[in-house]
Structures are given as structure tokens and as C-alpha cells.
Amino acid sequence: MTHKSGRHFLQIPGPSNTPDRVLRAMAKPTIDHRGPEFAQLTLSILERLKPVFQTSGPVLMFPASGTGSWEASLVNTLSPGDRVLAFETGQFATAWRNVAVKLGIEVDWVEGDWRHGVDPAVVEAKLAEDKHRSLMAVLVVHNETSTGITSRVPQIRMAIDKVGHPALLMVDAISSLGSIDYRHDEWGVDVTICASQKGLMLPPGIGINAVSAKALKISQSSGFAKSYWDWGPVIKMNEKGFFPYTPPTNLLYGMDVALDMLLQEGLPNVFARHHRLAEATRTAVGAWGLELCGVNPAEYSDTLTAVMTPEGHDADELRRIILDRFDMSLGTGLGKVKGKLFRIGHLGDLNDLTLAGTLCGVEMGLGLAGIPHTKGGVDAALEYLASNS
Amino acid sequence: MTHKSGRHFLQIPGPSNTPDRVLRAMAKPTIDHRGPEFAQLTLSILERLKPVFQTSGPVLMFPASGTGSWEASLVNTLSPGDRVLAFETGQFATAWRNVAVKLGIEVDWVEGDWRHGVDPAVVEAKLAEDKHRSLMAVLVVHNETSTGITSRVPQIRMAIDKVGHPALLMVDAISSLGSIDYRHDEWGVDVTICASQKGLMLPPGIGINAVSAKALKISQSSGFAKSYWDWGPVIKMNEKGFFPYTPPTNLLYGMDVALDMLLQEGLPNVFARHHRLAEATRTAVGAWGLELCGVNPAEYSDTLTAVMTPEGHDADELRRIILDRFDMSLGTGLGKVKGKLFRIGHLGDLNDLTLAGTLCGVEMGLGLAGIPHTKGGVDAALEYLASNS
Amino acid sequence: MTHKSGRHFLQIPGPSNTPDRVLRAMAKPTIDHRGPEFAQLTLSILERLKPVFQTSGPVLMFPASGTGSWEASLVNTLSPGDRVLAFETGQFATAWRNVAVKLGIEVDWVEGDWRHGVDPAVVEAKLAEDKHRSLMAVLVVHNETSTGITSRVPQIRMAIDKVGHPALLMVDAISSLGSIDYRHDEWGVDVTICASQKGLMLPPGIGINAVSAKALKISQSSGFAKSYWDWGPVIKMNEKGFFPYTPPTNLLYGMDVALDMLLQEGLPNVFARHHRLAEATRTAVGAWGLELCGVNPAEYSDTLTAVMTPEGHDADELRRIILDRFDMSLGTGLGKVKGKLFRIGHLGDLNDLTLAGTLCGVEMGLGLAGIPHTKGGVDAALEYLASNS
Amino acid sequence: MTHKSGRHFLQIPGPSNTPDRVLRAMAKPTIDHRGPEFAQLTLSILERLKPVFQTSGPVLMFPASGTGSWEASLVNTLSPGDRVLAFETGQFATAWRNVAVKLGIEVDWVEGDWRHGVDPAVVEAKLAEDKHRSLMAVLVVHNETSTGITSRVPQIRMAIDKVGHPALLMVDAISSLGSIDYRHDEWGVDVTICASQKGLMLPPGIGINAVSAKALKISQSSGFAKSYWDWGPVIKMNEKGFFPYTPPTNLLYGMDVALDMLLQEGLPNVFARHHRLAEATRTAVGAWGLELCGVNPAEYSDTLTAVMTPEGHDADELRRIILDRFDMSLGTGLGKVKGKLFRIGHLGDLNDLTLAGTLCGVEMGLGLAGIPHTKGGVDAALEYLASNS
């Protein structure tokens, strides 16, 4: 395959750029997954995953994509025919809903315009209506990767508590964990769904569930027939550092290094860095006079920015020009917003100058694609970055 | 972690030794899994997987372990409560059965002594008994990784045909594919289950199903609720080189190289090499006066050799000594045969001298562990290797 | 060592950014440097080095830095006490002179202001003065890495020819080869000095001499005692793909890939790409209102840009701020120009967005360091890049 | 290039097998060799090189092969026309002599039969004869890589001291350092010559000199014109972690890891491991009834074993067969002993089973090549290895 000169700019909202150190770690020879060295590796990883989820409970890994982690969250806690409450915040919320529906779960679906996060007031109202407590779970995508909108989980938790509803709170933190402050325990989340390829800075291949004591207890009476996704055997075998399946050893080598990087930088610093880079990006978008997909500043995502192209301008044509001319991959508009927006990923192993190069690519692309905009987005972003350290 | 000097001998029956070239390929930067470069990669891999399975039908990859591929094979072709015929050839046959049972499938279980493969005559008898054709599938582990016994799939196919039974033939080729001759189409297999970490010479993380037209058709009316494992969306998106989930990009980089290696060496050469190394190993075991787990020479496995330790001698103690003294990992006895046998993996990226070093380690270990044996196993193996090129 | 988040920007004028592919190639296991596989590798590299030097004569590699290649050029063609003509174009011309002086060569040193290349008229005058033809060689640094000034070798050749002087023409192309058009044969260069770490996109460790027939002939009567640098044994052993010393195998693996990259992109494309990125950089510098070190546009370098900081502003303080705040390394002012200029490397494996990020870092740094400048350098560069493809 | 299946056995006496960890370290991106991170790397390496040489004095690295380190040792301490005493212990002693001769040094050459090390009695006699103290240095190859013979440096030191001769003691420890006990300070060595590709477990590319205070002092009045090899600037710039030339950054990354490995294992353990593997090899050779090149057991090398083939049997034909059939590289007979012996390297990153595989390859090769021998070499080696831990 012909490669262009220089380094490709992978600025999609995940998979994020895998750090060189992680890639090199993944190139280590595979070892015996039933041996003592492997057990040490697993135990050390499981221990360090907990602070990243801000939980003291179990965190489980599956050889799977994030889609698999969704399925795991559902089949361990629910039974066929159970009702759950879910919100149309975008493509990934919809896809998770679809998983639930395929599995025979009844989804009480709150439609949305893909420009807002989950409204805590609606959560409260819906749960209050549910006099018979037949809703078994509330499904929330913390950070909608398709729209760049971050739902406010603490407020959602408060809404549930206000009603005193016993439903489980299940949150997809796939594109927020390790990048945006996320507190599994403090926010009373019952199942957090995650995957390796975003803030954890790994290639795809590991799906993750963090599980509350309440969820764990409920899982023991879940009515789904299940095997692969069954939490029980995983938790049991993890105790000694093993797995009930052949684990993806080389991805775990990468996880080992990625966790070191996150914890050495310090989570508060990681979150601050993401916020700063996101603010710079939004500053550029504002200066260009373009519209963000998200309309509520309190819900702006710190890991990606979804930018609307003006009516009549195909966002995918812009993306194609930028890929061809500047060797940069940006995120496409998914589903309903196909062609209407493009997404700039700014998460994971990222710094000021790579973001600056990214914004330069977007600004040049806007010009080449003939998309109406005001110049000066890059200047505004640089101004922001230089002034905020 | 302290590393011993020199290269670890990973002689378990999988994960096999990942070639350096594959490891380096896996260290390439992750790319956009929705972009054109990725689509080319996928299409090229899917095309080259077919000859390795000796099929012209679809081959599907999941981010999963082999355990996941079992589940995929079942939920796509069966319905809850369906009956299947399965054979206790060892730990992995049992584990697959357990997956089926957990999923609510009724398994007609033919017990075994773990020293024989599936008996085609029993297949014939069982299917002949099934007047109502209520058995929906026959599950066969081609190469039992726990015992080193290879069942004779062509004869099993003939048995099914003789009875004219419409049951699907589902075969686990996890530790044979890419090492032992395996013919999905010619043998009339309906679903072949595989994974990346054995003959395909990759780390774990990709589960595979090869699917016949008959299985594909049946999958459309399968009664299992399913999402992650659903063949339909995978086949559909694979057409353009994409996946309905975030695929494990860096493992696919490795797959790309591993397929090149297999096809460049040529499958017949690959099979002959495995047979030769296996014969050398069995020659050594014979010279030591030790017993193989398999009792039928027609069922000896060419990817691993399971060696019984004499009564009163713990095979795991032998393995421990060999690991401590010689930094070599051998396979443990699983389940019923725990402590009673050890397994020598001789599959994947392997040559004469690494096998010779392996056998030297076993011979020294036998002495150090005080296991009664005759010296000369290594000599006999070298004699064999030198005489057969 | 703590690493900052994201990829370091290595924008010094060499070592340039080694492409990931080259780094991975260098991680291949070392092989026998006396075996057949190694011979093939050497022969293939030597064959492909010739077009990069645009020569049909021998190209020799030494395990050495560029400094070593200077020494090799001198001790093979000259004798102690010989006179050579050399020009003070900057730090590296001075350093090469110093090597000559240390070795006992008499250097006719034409002083310079570090802001001009070698003046062909001065070459002509100097050689014309040399009635006794006692000048044995003219030493020219093609591209002064300390000043970003490219001397005009074809005009220098014409000057020599005009006088009809027999002196050898020896040219240091360390920071131009593989980036700026350089024609060893056509320009009548007798010895070209090069090294691996600039346009050849490798880490440092290989020094190179390309040699004309005339130089080769003269080398047979050179009066220097020499062993390591002696061309004779190298040329002789290279014929079969070997070396008279243990060669740096893993760097040669990298060279193998780097040559593929250069030749696949095509040298004219490589040169055009460097020119375009250099023009963008100069456009930015012009917009900032800063002064280039080079005063003659015909001598602007396409691999690096040396930018003067205004009187009273320490260029190294600027570099320190940029390194601390933006994790980018820029080149320091060397020797006479210490603190007076900084150098932006834009050579090797580089593309638009990395250059854009680089210029953003410089623009922010200028502001933070309080260096008087006009904003808009980045804008001007983007304008240039978007308009010229 | 087609690669055979499995891992190549590189059992030449250097370059030795580079550990995977070192290879991966070398794949790190190149950094600015004038920046603070690089300075830290250099200082840390220089500090840890000292204990490996068992010296408290300066250790200098050059981008060069071992041949270059020879040249460096000579031109820093001697003057053209100086006399030195040297011993024909094999190919490398001869090659070093040739370097000296080429440089204009007069070598008092003590001929030898390539089957003995340097005789301390001859050293004593030769120095005693030198009434005018005109011999400026004694050159000794500690471990002759062409013959597998280790000269006894302490006894040579004693011989020099006995005579009270002021000559410098210069020792080539290229294939012993980091593998065989070597004490620069205690043995009163003035210059130790080394290189990266043997016991230091790196690819070739770094030449090394360790220097006594006496040698350093003498170097200030050395009469050789020199530049590249001049110790002075190196020592001066090393103080702050830099070099007077562009250093081979990525090899230094490897050195950083290799030193960690050596020091973590502990030098006494490293030496004991090499001795044990060497003894096992010699045990095998003895059992085969073949002759070692070295005749004095006190001079047997612990890093390689040179084995004579019986009259009329070409050692290179044996090597060719072993390479073709078993993908193992053994060392050829060099110079005078071409075709008469082959060399088994057993140094660097090596363990029991890789050595066992190596000996198996040799034993099979002996049979296939029709070289008269007694079987049982491998058995004897295994017996030794199992009995000595």
C-alpha cells in the first residue's frame, strides 16, 4: 500500500491515536495465559482500572468491541421482556437501544433531536410515571460520540433518587472514560460500559463493564441465557489473575502501559488537558462562524466536537477533501446526521501542536470545499492555547 | 518484571509463538476503521482467509476469543430448546457443550474417555436412532487441544450422509486450522469455529466462523435473540470491507501478514511441516517409554502432543520444574486430566531447532522431576528430523 | 522518564522524524553479516542509493556520523600538508575545516558572514589565483544546516571549469540529499559527503561517501595513513554485498525501507514536497516580519529555515519556552549565531499538517517570549499550502 | 524476501541475538541529540557502562564498528612510527595488527598457531629484551573470536609488571565484555576496546574505548593527526551528556535497556551463565570426539567454541548444510582456518534450551555432512545442564 509522506492525522473520535509506547508494548511476545507472569499482569491491570473508573468495585474485560460491552451490560442485569428507559441522544444511544430490542428487551424510547443530552427532568418525569416500578433500568450514553454531547450523569442520578425509583443506572462511558471526569461510584452508576480504543488509548479489542454491588446482586437472578458475557465466571477467575476465555494478551500489554501513562499524568491533569484542547477547538469553530451540533454549553463534549456544515454543503465532501489533500481522517456524520456534520476527535494521546495542525487542516479544508466560513478559527484557537496553560 | 536471559519457550498448544513480523505489523498506528485504507485491508484479509479454510463461502471475524466463536455458531443456527449431538472428547468439547447448555440448548452428550476422538460409528448410530430428525446439529471438535486427538471429520461426514440426516455439522477447528489439513467445503462442514491464536499465528482476540450456504439459510430463521454474534450484519457490512462493530484493527494488521506467511509457504507445506514436527515429538515420547493420551494413531494430532505421566507423578510438578529451570511453558492437564498429562505445543511458527530445544527441555525435566523414563527421546527425534526433510 | 501527552514535535533540521515503518524495520532481529541474506540486503541498498545521489559510481557506507564521512572524504583523496579551498558559510563548513586542519591539511579559508552561500565568483577568483595548481580540492557545504543556506553547486562547478582547475570538488550534502535536488554526476562532484539522519529519514549512525572515478583514482595515491576510512577495502568487499567491518545491520534494515519510500514517492515529488513546505515556512516568517538568516532568495534552503530574532531577544529562550509549553524541539543557533537565530527543520518524513502545527507552535512561542512580530504567519502559510498542491 | 518458518538460530559469535526488549527500545522515535532528555540518557548510560567494564575511569562511545575502536585506541595513545608488541592469536589479533601497520605503527609481531592465547612468559621475555623501553604498548585480544581462545590478561599484566616495563596495556574485549569476567581497573588495562554487538546484546554500530588515567595523559601528547577518534572532545562533551558528533540515538536507546538487563541479572550471574553454557557446549564437542581449536583448557572461551573438522572435511560445507536444513547460522573459519573449523556462538541473550537446540542442529548437521563423530554430544550437554543450575 502506498503511504503518504509524514504522519497521518487520525482525528476521529476514536480509535484515538495509540501512543508509540503502547504500540511497542503490544509487540511483545505473547505469553502463556495460564502462567504466573500473566496472572501478575492481569491483577495489576485490574487494580489500576478501578481508579480510572473511580470505583472500588469489579471492572471486567471482554475480548470484544464496545458493542459487546453493551450486550454484556444488558444480559447480566435484565431478563427477556424487561422494560428499560432510554434516550435518543444520537447514533450510539440508538445502536444500544437496537441491541436491547434485538435481545427482546422492551425499550421505553424518549425521542430526541440529536442536539441535546439526556434531560434529567424527563428522567424524573418518566420514572415518576412508572408507578409499578416496571422500568428495570435507565440507559444513558454519557458522551455521545456521534454528536459531541455529554449528558449530565450526576443530575440524572439525582432525578432517579428524587423519585426513589429502584431502576439500575447503566451508562455508556466509551468515549468519555479516561478523558472526561467520570465517577462510577460517586454517581451511583450500576453498570459502566467502556472499550479500549478511546481515552484508554489502545487499539479496539477490549470491551469493559464496571459493576456496582447492586448490579452484581441482580445479575445472579438475571433471566437471560448467557455464556460469553456472563460476569460470574469472569469475576471468579479474575481473582487469581485469569479469565474464563483466552484473553487478548497483547492488548493487555498495551493496557498495562496505557494505565501507567494515565495514572502518571494524573486523572485531574488528563481531564484538564482534554477540556483545554476541547475549548480551543470550540473557540475555532466559533470564530469560523460554524454551528456546533450541541446547543447546550453545559453539555459540550471534551473529547470530540461535532460541527454542522451549512445547509447544502456536504460534510462528507469536506472530509474527503481533507483526507485527500491533508491526510487527515475526521469523523463522519452517522445515521440521521449523515452529510450534515463532521466530527473532530480531540481525545487520548494528544497535545497542543497536533490539535493546532488538525485545526489548520480543517480551516484549509473549509476553504477548499467552498464552505462559507470566516477565517481566523486557527488564530482564535492559538490565542486560547497560548493564554491558557 | 524481571525477565530471564534468552527467549522464553512458549510451547503450549496455543497461543502459539507469534512471528516477529506479525508482532511488528501489529505495532502500526491504528487507522480509521471507516476509511478507504481500512476497507482494502479487510477485503484482502477476507479473500485470503477463504483458501485457509478451503471454502468459497463467507468467513466472519468477531472481536472475541474462541469461546465467542462457539457461541456465535450456536446462536446463529439454532433456537432455544433445540437438540444437538455432541461428544466428550476432552475439555474443549465439554466447554463447548457447556456453552450450549447455558444457552438453553439440549445436548445429547456422548460420554468419552478423553483418549479417543469422535467415533464415526457412534455418530451414525445416534443419528440413525433419531427417527424424528430432532437433532439439529452435530458438534465436533476437530482437534482436541486438551488431549492431542484429532477427530476424523471426513468419516463423520460420511456417517451423517449415510443416515441421510439433515443435522448441521459444526466443527471446532481452533487448534487445527492453518496447521492440519482442514477442508470446510469438501467435508461438508456447515460452521467451522476458529480463533486467531493457534495456526493463524496471531495473539488471541479474533474469533472466526466459516459458514456454509445451508447454515446461512438456516440462520435466517434461528430463534435465538442475538445482536453481537448475529452473522447477518457482519456479512452485509463485510461486502464493502467494514464491520458492524469497531474491529480490532491492530490484530487485523497482524492477520494480514500471517496470511501472507501461510500462503507463501503454501498450505500443503505448512501441513507437512506440522506433521513432521509432530512425528518427531511422538518419536521422542515413544523413546522415553511414555504414553500418549491418544490411543489411536489415526487420531494423533499434528499440533500438540499430550503425554501421560506415570501414576503417582504429577504432570504439573514437572511443568513447574521445566518453567523454573528452563523457562519453557508447556500445557497443563485440563479438567479431568489435571496433573495426569502435560501437553507439548508444536504448532504455528515453528522449526526443527526450536522443537529440538523443546524436547531437550522435556527430557531434562523428566530427569529432574524423577519421572521414570528411558533416555534417548531427543536422540530419536533428531534421528527422525535428520532423516526426513 | 516522564513523557508528555501526545507526539513530540521534532522539528530540528536533523535527525529528522524517522517514519514508523523505518523504526519497525529496525526492530527486526539482527542477522549474520557474513551470510547470503545479508549480502542480498547490502547489494539492494547499494543499488538504490545510486539514484538518490544521482550517480552511477560507487556509494560507500561507514558505521559513523557525518563527521566521519568528512574525515573519510579527506583522508582518501589528500595527503598531509595538501592545500584545499574552503568557505565559511556557517558552523558545519567551519567544523569540516577544523577536521581538515586537525588532520594536517592546509585550508585556504574564505571568511564569510554566515548569511551567504559559497560565491561562485570567489571560487573562480581563488582558483584563478592558484597558478601553481596547489589547491587540491574545493570543499563546499551544499546546504548549511546552521544557517538554512543552500550553495549553488552547479555554478561552483562552472567556476572551476572556467578556470580549468584540476582541484577535486568535494560537497557536503548531509542535509540536502534526498530532500533537495542533488546531482553528483551531472554536477561533476568528486566526493559527496552524506549521513543517514536527514533526508534519508534514518536515525544517525551511517556516514556516506559517493565517489567519482577521478576521486577513486586519486585515492590510490593518497598520502594519508588510514585504515577505517579506507575506501579500497569497502568497495572491494561491497561487490559481494559485504563490508570490511561489522556493519550496522539494523540501521541497514531501516535504510532498505527508507529507500523504498523515497523511490516510491519519486525524487522529483520528494523535492517538490520539500520546496512547498519550505515556501510555506518562509511565507510565515515573512508575515511575522522576521528576518531569515539567508539574504539571497536563490540560496534559501528547502530543508530548514533559520530565523533571526530581533536584537536583544534570545532565540534560545524562545526555544526553551516552545519546548516547555508545546513539546517541540527547534534547532539552536550554533557557534557565532548562538542566541541570535533558531532553526525550523522541515525535512524528511513530513506533511502539511505537521508543518502547520509546527508553525502554530512558533507563532504562539513568539508571543509568549515577547518577541516583536506581526501575527498572521500561520494564516499566510495556510493560504500558501491550500493554494499550492 | 522469503522467510522460513520459526525463529532463525543466530549462533555466530556476534552479533549476538538482540533481545526483543532491546529491539523494541530501538524503535522509539529519535529525539533531539542536543536536548535535555538526550543528555539524561547519555549520562545514565555512561554511568552504567563503568561497572560493566569494572572501571571508574571514562568510557567513550563512537558511532563505529569494533574496527573503529581499534583505530581509536591506537591514534590516541601512539605516534606514527611507534613500536608496539602484538601476538598472532587469530584473525582479529591479525586484523588489529593490520590496522596498526596501515597507520604507520611498527608492530613487533609474535607469531602463533591460532590455538593458543598470548603467552605471559613471552610477554615477559619480549619486554625484558626491550632495554630501551621502545615498545610503547602491548596489544592483546582478550577473547579471540576466530578461535574461541581467551588470553589470560591478569597474568599478562603481572608479566609486564615483573619487568617493570612502562608500555601501555591495550586489550580488545570485544567478544568478552559483558560475558566473561573482565576487570579494566584491577588488571591495569590502559585501553579496553569494545563494541556493541556481542555481550552488550545490541546490533553493531557503537565502538567503545575505556581509558586509564595513564592512557588519558599520554593521549595529550600523541603524535597522530586525528579528529573523529580524538578522545579529548568526546570526554569533554560527555560531561554534560552530549557528543562532538551526531550520536546513534536509537542504538543508545537499546544500550539503555541492555545495560539494565545486564545489571539486573548481575554481572557475576551473567558470567556464570556464560560459563555454564560454554561448558555444556564443550561437553558436547568432547562427546562427539571432535577437537577444539584451543588446546589449553585455561584458555577456553566462554562466549564461543571453535570446533575443528577432521582433515578432509570442509567446515563451511557443514555450515551450509546446517543453514539450509535447520536455518541456523554458525561462524565460519576466518583467514588461516577457513574451512578447518566452525564456531558456535553462545553469548549474550541466551538460555539452556536455545543452546540445546543449537547443539541438536550441530549434531544433526555433522551426520548429514558425513563428518566422522560419535553421537551423544547433545545427551552429554543435557546431562551437564540438568546437573548444574
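Annotations for the structure displayed:
For clarity, chains are labelled A, B, C and D in written order, and residue numbers in each chain start from 1.
Simple rule for what comes next: a residue touches a chain if its C-beta (ideal position, glycine included) is under 8 Å from a C-beta of that chain, and two chains touch if they have at least 3 such contacts.
Owing to the predicted nature of the structure, the values given are computational and were not obtained by experimental measurement.
C-beta contact counts were set side by side for A-D and A-B; A-B has more. For A-C, the equivalent interface among the listed pairs B-C, B-D or C-D is B-D, as over half of the contact pairs agree by residue number. Computed from the mean C-alpha positions, the centre of chain A lies at a distance of 54 Å from the centre of chain D.
Per-chain CA centroids place chain A at a distance of 34 Å from chain B. Shared interface positions of chain A, i.e. residues touching 2 or more other chains, are given as 7, 17, 20, 24, 27-29. Residues 2-7, 9, 17, 20-21, 27, 261, 264-265, 270, 273, 325-328, 349-358, 360-361, 363-364, 367-368, 375-376, 378-379, 382, 385-386, 389 of chain A touch chain C in their complex. Per the touch definition, chain A reaches chain B in the complex via residues 1, 7-8, 10, 12, 14-15, 17-18, 23-24, 26-35, 37, 40, 63-68, 71, 80, 98-99, 102-104, 195, 197, 203-205, 207, 225-228, 230, 244-251, 323, 329, 332.
Chain D makes touch with chain A in their complex at residues 20, 24, 27-29.
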